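For reference, the structures are reproduced in the following blocks.
What follows is chain A paired twice: with chain B in the first complex and chain C in the second.
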Partner chain A sequence: MTIWADMLAAQSAGPGWLGSLVSPWTVLTYATVTVVLLYFSSRTRLPMLYAVKSLWVAGTILAFLWVVVTSMGSNQQFVQHPERAISQFFDPHQRLTFAAGLFALLAVAAMVLMGRILPARPLQVRRRRAVLSLRIALGCVAAGVLLVAAHFNGYGAWYASYATALLVAHMGEYAVNSALIAVGSVLLTILTASMAAYALSRLTFAGRDAILYAFIAGLAIPGQLILVPLFLMLRHWTLPAAGFSFMDSRFGLILIYSATGLPFTIFLLTGFFGSLPSELGEAAAIDGCGEFATFRQVYFPLAAPGITTAAIFNFLGVWNEYNFALVFITNPRLKTLPVGLYTLNVSQQYAANWPALFAGIVILWAPTFLIFLLLQRQIIAGLTLGSVKG
Partner chain B sequence: MIVRGRHPHLRQALAAALLLAPAAALFGVLVAWPAMRALWVSTQRWTGFSPRTEPVGGEHYATLFGPTAMRWMPLLGAAVLLLGATAVAGQLLRRSRPTARAQRLARRLGGLAMLGIVAAVGTFLLVWLLVWNDGDSFFRGCVRNNFTYMIVGGLFHFVYAFLFAAALGLPAFRGKAFFRTMIFFPSFISAIGVAMLWQRIYDPSNGLANFLLRLCRIDPFAWLSGDNMLNSIIVCGVWAGVGSQMILLLAGMQRIPPTYYEAARIDGAGEGQVFRHITLPMLREVILIVLTLWVIGSLKVFGLFQAFTISHTEKTSVVSVRQYELAFSNRDNIYMMGYATAMAVVLLVLVVLGTMAMRSLREREPLEF
Partner chain C sequence: MARVLLEDVSKVYPGNVKAVDRFNLDVADQEFVVLVGPSGCGKSTTLRMVAGLEEISEGRIRIGDRVVNDVPPKDRDIAMVFQNYALYPHMTVFKNMAFGLKLRKYPKKEIEERVQEAARILGIGNLLDRKPKALSGGQRQRVAVGRAIVRQPKAFLFDEPLSNLDAKLRVEMRGELKKLHRKLMTTTMYVTHDQEEAMTLGDRVVVMKDGLVQQCAPPLEVYDYPANRFVASFIGSPPMNMFTGDLLSEGGHLYFVEGPGNRIRVPDRHREGLGRYAGQAGLVMGVRPENVSERSDGDFAGPDNALNVEVTVVEPLGDKMDVFVKTARHDHVCCRVDAHAKIEEGQKLPMRLDMRRVHFFEPGETGMNVSLNGASVGG
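And then the complex of A and B:
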C-alpha cells in the first residue's frame, strides 16, 4: 500500500508542468492533428510516416529494454538511474563487459541485416524458417554472452530477481498452472469446436442455421454478464467423491475457458470447413467412409491451417485471461500467471521490489513473444480471415 | 451429394447431433444458461452470507438510474418494442422474397428501425448522463469513462492504425516486417502485462515517462493523479491496441486494386481527393468491422483498468471494474451480487446497442470490386 501513498504524496507536490499551460494531453492531441494534416500532402506524407513510425517503435523498444534491464538490476540500482544500465555494458574500463556489449551490438546488426543478405522468396518456406531460426539463435547467443560477461564482471546477480519471482513469489508455479490450463482448454476447445463446426458447415439437418446463430450470438455476451450467475451456480457443483469442484480447480477453469472460447472458434472454423471442396467428402463416401471417418480422416487434417490459427488465438486468450481466473481461483497455489502478477504488484512486500515485478512481467511475456515471433504469419492470416472476409 | 444408407437425412441428423453434443453442452451450460439467468439474478439480492437469494424486483435498476429515469423507462420500453417489432416485420418481409422494390423498402425500414432503437436508447442514456443528476453517481461516472474511452481512445486508435497501415501499404516504405512486428506485438500482451508496465512507466519518481521528461529538462508530470489517470490509460490502451486494427486495415487496403489510384493520379486528383473518393469508400466494410470490434472491446474492457490502480474512484473506473468490485472484491465484506449483475445487464445493453449502431451503418449495399 505504501507505494500508492508515495505516489499521491509526490503528485500533490504542485502543478508546475510548464506552468500548467500545456499538458502532455494537449501536446499529444496537437501532434496527432498535425500528423493527420501532413498525411494529405504527398510531399510530407512519406517523411511523416517514417517519423511517426520510428518514434512509436523507438518508444516500444525503449519500454521493453527498460523492463528487461530493470528486471536484471539489484533493487535500487537501475530503478532510479536507468541510464546507468548502458554505461554498465559500454564502460571501456571494464574490458569484458565492453567486449560483450560490442559483440551483442554486432550480433543485433547481423540479425537485422540477415534478411537482406539471405532473402527468401514468399514460397521458400524452409529457407524462411532457416533464416528465422538463425536470427533467433543469434539473438540468444548475444543475450547469453552479455549475461555471462555481466556475471563474471561483478555486475551483480542479475538472476536474483528472477529467482525471487519464480521461487519466492511462486511465479514458476503460476506459470505451470497457466500452461496446464491453456493447453487443456485449447485441446478441449479445438476438439469440440471442430466437431461442431464440421456439423454446422458440411452436414444438412433441421435447425442448422439457428444453432449456428446461437453460437455466434455468444460472441456478443460480455464475460462480466455470466460471471455472477456462473459463480452462484458453480459453487454448488461439487463431486466430493471424486474430489472435484468448480471453484479452485484447474479442470473447472479449463471447462469454463473452453465454453467461452467456443463462439469465436466455431465462427472461425465454420468458415474454414465451408471453404473446403465437397468433392473430397463425396470421394470418401464412395470409398466407404461414414460421417465420422470423413470428418476425422479427410476434413480435420485439411483444416489444419484454420485449426492452427484457432489454437493460437485460444492459447493466447487463455494465457492472458484474467477476469474468470480472478473470481474462480482463490487458492494461492492454483493461481494463473496474470492473477499472480497482479497479486505480486499489490502485495506489500513486493510492491517496491521493481526488479522482481519486472521479472514477473518478462516471465508473462516470454511465451507470448516466442509464439508471436514463430507464428506471426498464421496469426495475421487468422485475424484477417476471421474478420475481414467473415 | 452422395447418399449413404437407407435413411440419409436421418443418418446425417444423427451424426450432426452427436458431433454437436459436446460443444452444445459446454456452451449451453456454462455460457448460454448463465447469460439468461443473469436477467433473473439482477432482480435478486444476495450478500454472500444468506444461503438463499431474496427477490427485490426492479429495485437494482431503479437504484442505478434513479427515479427520474425510471419514470421515463416505460415510454422507452414501449418505443423500443415498437421499433423492434418494425425491424422484425422488415426482416420477415425480406425473407418472403417480394419484388425488388418492396425488398429495398423492407431493408430501409429495418435499417431505420434499428437506427431508431439506437437513437432512442442512446438519447435516454445521454440525457441520464448529462442532464438528470440522478441514480448511482459512481456508476454514472463509470459509464461516462467507458464512453470517453470508446470515443477518445477510438479516435486515436483509428488515426494511428490507419497511418501505420498506410505506411505498410506503400511500396516505397522500408523495413516493413520489423515495423509490423514491433507495432503488432503489444496487442498480444495480456492486459495485466500492459497495465503493470505502463503503471510503472507513469510512476511519478522512478518511471520511464518522467525520466524522459527529466532528460529534456521538463518538470515531472503527475500521470497517475485522479484527473490524469483516464488519459494515461487511454494512451497505454492505444499503444496496446493499435496493432490489430492496423493489420485489419492493411488487409483491407491490400484488396484495393492499385489501378484505381493510378487512374486518379493521372486525372490529377490530390491526396485529399484520393483519400475521400477511393480509399475511404473502398475501405468502408473493413473500417466498420474495425469500429464494431473497438466499440465492443472498449465497453467490455476490464483488465487494463482493473490492474492500473487498486483504489478506483469514479474518475478512473469503468462499468466492468465496478461490477467486479461490488460482486467479488471483499474490501467491505459485503457482496452485492444482484446489483453487480444489473450493471452487467446494462453493459450487455450497451454492447448490443453499439453492435446495432454499426450494423445499421453497414445495411447499405456493399461495394463490388
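And then the complex of A and C:
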C-alpha cells in the first residue's frame, strides 16, 4: 500500500522517466493491454477470464472485509490509518494478521479448487451439495480467522461500536421495524400473488389476459414516479376514530411494499404455475378437491421453488428499500434500517464515529448475506426461472 | 358400481369445431367398454366429459340414476387414471392413494385399511413410503390405478393408461388390468388408440373417428364383421388389405375385377346385398392377411378366388410368415401364411382368398360394409 502511495506522491512531484514507466496509471494501461491480448488467444482466454473474475471477487471481498474490520476498531485508529484494516493482513511485520491473511488466501484457493478435484459424476446432487457446504464452511472459517486475528492485533473491544450503533443510534429498534415490515410484506405479497398467479395461469375467465397484462404493465412503473400521488392519497386515507393512518405506520408501509411487489411476483409465479402439468389439477378435481383445495393442497406445495425465489427477491428488495421508507415514515421510532443508517450518518456530520457507522452497515447487510449464503441455489434458479420450459 | 349412459352427447369447441358428434352409449353395470380410434377422434374428450373435466355441449350423461351434466367432478363418484399418471409429486405413495379418501373425511383407520388392501392387490405394499419420483414407470402406473380403486367409485375411467409404458410392460399391465376388473367388477370406460389393447380388454369396443361412432360391438364382432371400411382397416394388425375394383355380373354370378386377369367370384349369398352395385366402378374388397394363402385346399378352395401376384418381401416371424406381394394395381398387399411355406422373393404365383371372410365396402374412407346385408360372412 505504501509503495503505491509513494509512487503517487513521486508522480505529483514530477515524474522521472523510470517513475512514469511504473506509475499506477501506466501499470493499469499495461494490464489492460495484456488482458485484451490474452483474450484473443483461445488458449489463454479462459485462464485470463478467470483471473479477471478472481480480481473482481477479491476486490469485492476486500471491500466487505474493510467495512467489517473497521467496524471493530476505534475511531482514532480509523482516522489515522483507514487502510490498515486491510493492509495489516498483507504486512509481514504484523505477524499475527499476516499469518491469518496467508491462511485465508490458502482457504480461498482450496474453495476454488474443491469443485475441480472432487469427481462429480456419481451421486451428483449429493456431492455438489457437499462441495457447496464445504466451500461455505471454509469461507466462514477464513473470514473468522481474519476477524479474530484483527481483534487481537489491536482492534480490541469490537463490540463497542456495535453497542453504540444498536443502543445509542437505535439501530436495534430500526432492525426490528425492518424485520416486521419485510416479513409482513413478503407474507402478504406471497399470499395474494400466489392466488392471483394461480387464477391467471390455470383458470379461464373473461378478462384474464387483460388482468395479466395490467400486472405486467405494472412492472414498467418506477417507484419514484408514484411517490407523490401515493403520498397525497395515503395522507387522506385515515381513520381518525381508530387513530389509524397509513402515514407513519408500519402497516401502511407493508401495504405499499406488497402492492409494489405484486407485479413482479405475479409475473414470476404465473410462469411457474403455468409450467406445472394440468393433469394434477384434474386428478385433484376427481379426487374431491374444489378449486381452492386444488390450489392449496396440490399446486401451492408444488410451486414451492418458485415461491421461495419470489419470497427471497421480495425480501431483499424490501429490506434495502429507502425511498418509500423515507417518505412515509417520519416518526423516529418507526424508521427502518436503511433510513436509520442515513440518519446515523447525517447526525454525525461534525463528530464522525466511523466504526459505529460501519457497524450499522454490517447490521443492515448481515441478513442479506445470510440469505445469499443459505439460499444461493434458489436465487440462481430464480434468475433463470421461466426462461426454459419444463 | 353403476350404469353409465350417454345420450346424444356432443362437444363443440369455439369456432364450431365438433369434437364429439351425438355420441350414444349405454355402459351396463360391471361392463368394460373400450373407446378406440386414431388421435383426434374425440375418444378422450368423451371420457373427459364423463369425468366432468370438459363441459357437455349437448346431450345428457347419466351415472347410476343421476344426470351428471351439471355435477362437478368431485361429486360424480368416479375415478380416473391418466396417461401420465398425474401422481402428486410432493406426496408419498400412501398419501397419493389416501388423498381422495382424506378429502371425503373417511376415518383414519378405514383409509389405512383400504390403502393397504389396494396396495396388496397391486403388489406395491413395499413402496408406500416412497415419492413418485423414486418409482419406475410400471410402479407409477400401479399407484395411479391404486389411487382409483381405493375410492371404490361407481365407475373407472382410464385415459390411455398404458401408452407411456414400454411394450413388454404394457402387455403385462394389460393382463393385470383385466384381472383387476374381473375381481372388482366395476363399470369401466377405457380410452386407447391401440387396437390390440381394445380387443384384449373390452367387453365391448367403440370405434370412433372424427367425433363419430363407427361401430360399437364386442371385440370379435368388430373384427369379424366390421361395419365399414374404416373399422376394418383400423382393427387388426397387420391391417386388412383393401382392393379397389369393379363389380361385374356375368352368367348369374357377380365378379369382382381387381385388375387385368384377376377376377374374383363373389359368393352367391352376397348377390342380394351387392347386386345393386353391379356394373359400378370403385367398389372396395377387403381381405385380412390371414385370409390370403398360397394353398388351394380347405378354406382356400376355389372356384375363382385367386389373385395373380408377385412377391416383393418375405418376413418370417417364427410362428407365421408375412409375405408382401403386389398385383398390377395394388403395390402393398400383406399375406400371413404358414411359417414354412415355400415362397421366395420375386416369385410369381396365385394367392387364394378365403371367400367366407371377404368383405365388400362402398367407396370412400368410411364406406359401408355392404357384404353384411342379409347373410353372415363368417358362416
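In the analysis below, the second predicted complex is superposed on the first by the 261 of 390 C-alpha atoms of A that agree within 3 Å, B and C clash if a C-alpha of one lies under 4 Å from a C-alpha of the other, contacts with A are read in each partner's own complex, and residues count from 1 in each chain.
Everything that follows uses one rule, which is that a residue touches a chain if its C-beta (ideal position, glycine included) is under 8 Å from a C-beta of that chain, and two chains touch if they have at least 3 such contacts.
Model, not experiment: these values are computed from the prediction.
J.: Is A:368 contacted by the first partner chain B, the second partner chain C, both or neither?
T.: In the superposition, A:368 contacts chain B only.
J.: Could you say whether A:286 touches chain B, chain C, both of them, or neither, answering first, second, both or neither?
T.: Touch status of A:286: both partners.
J.: If we overlay the two complexes on their shared chain A, which of chain B and chain C does A:277 touch? Say first, second, both or neither.
T.: second
J.: With both complexes superposed on chain A, which partner does A:298 reach: first (chain B), second (chain C), both or neither?
T.: second
J.: Check whether chain B or chain C contacts more residues of chain A in the superposed model.
T.: Greater contact footprint in residues on chain A: B.
J.: Using the touch definition from the top, say if A:251 reaches chain B (first), chain C (second), both or neither.
T.: neither
J.: Intersection of chain A residues contacting chain B with those contacting chain C?
T.: Correct list for chain A: 282, 285-286, 290.
J.: If we count contacts the way the header does, which residues on chain A are in touch with chain C in the complex?
T.: Touching chain C: residues 277, 279-280, 282-290, 293, 297-298, 301-302, 304 of chain A.
J.: Enumerate the contact residues on chain A facing chain B in the complex.
T.: These residues of chain A touch chain B: 4, 6-8, 10-12, 16-18, 23-25, 28, 32, 35-36, 39-42, 45-46, 49-50, 52-53, 56-57, 59-63, 66-67, 79-80, 82, 112, 115, 188, 191-193, 195-196, 198-200, 203-206, 208, 211, 214-215, 218, 220-233, 255-256, 258-260, 262-263, 266, 278, 281-282, 285-286, 290-292, 295, 316, 319-323, 326-327, 338, 341-342, 345-346, 354, 357-358, 360-361, 364-365, 368-369, 371-373, 376, 379-380, 383-384, 387-388.
J.: So in the complex, which bits of chain C are touching chain A?
T.: Those residues of chain C that touch chain A are 51-53, 72-74, 76, 78-80, 82-84, 86-90, 99-100, 103-104, 147, 151.
J.: Per the contact definition, I'd like the list of chain B residues that touch chain A in the complex.
T.: 1-2, 4, 9, 11-13, 15-20, 22-24, 26-27, 29-35, 37-38, 41, 46, 53, 156, 159-160, 163-164, 166-167, 170, 172-173, 177-179, 181-186, 188-193, 196-197, 199-201, 203-206, 208, 211, 218-225, 228, 231, 235, 239, 244, 247-248, 251-252, 270-272, 275, 285-286, 289, 293, 296, 299-300, 302-303, 306-307, 309-311, 319-320, 323-324, 327-328, 337, 340-341, 343-345, 347-348, 351-352, 355
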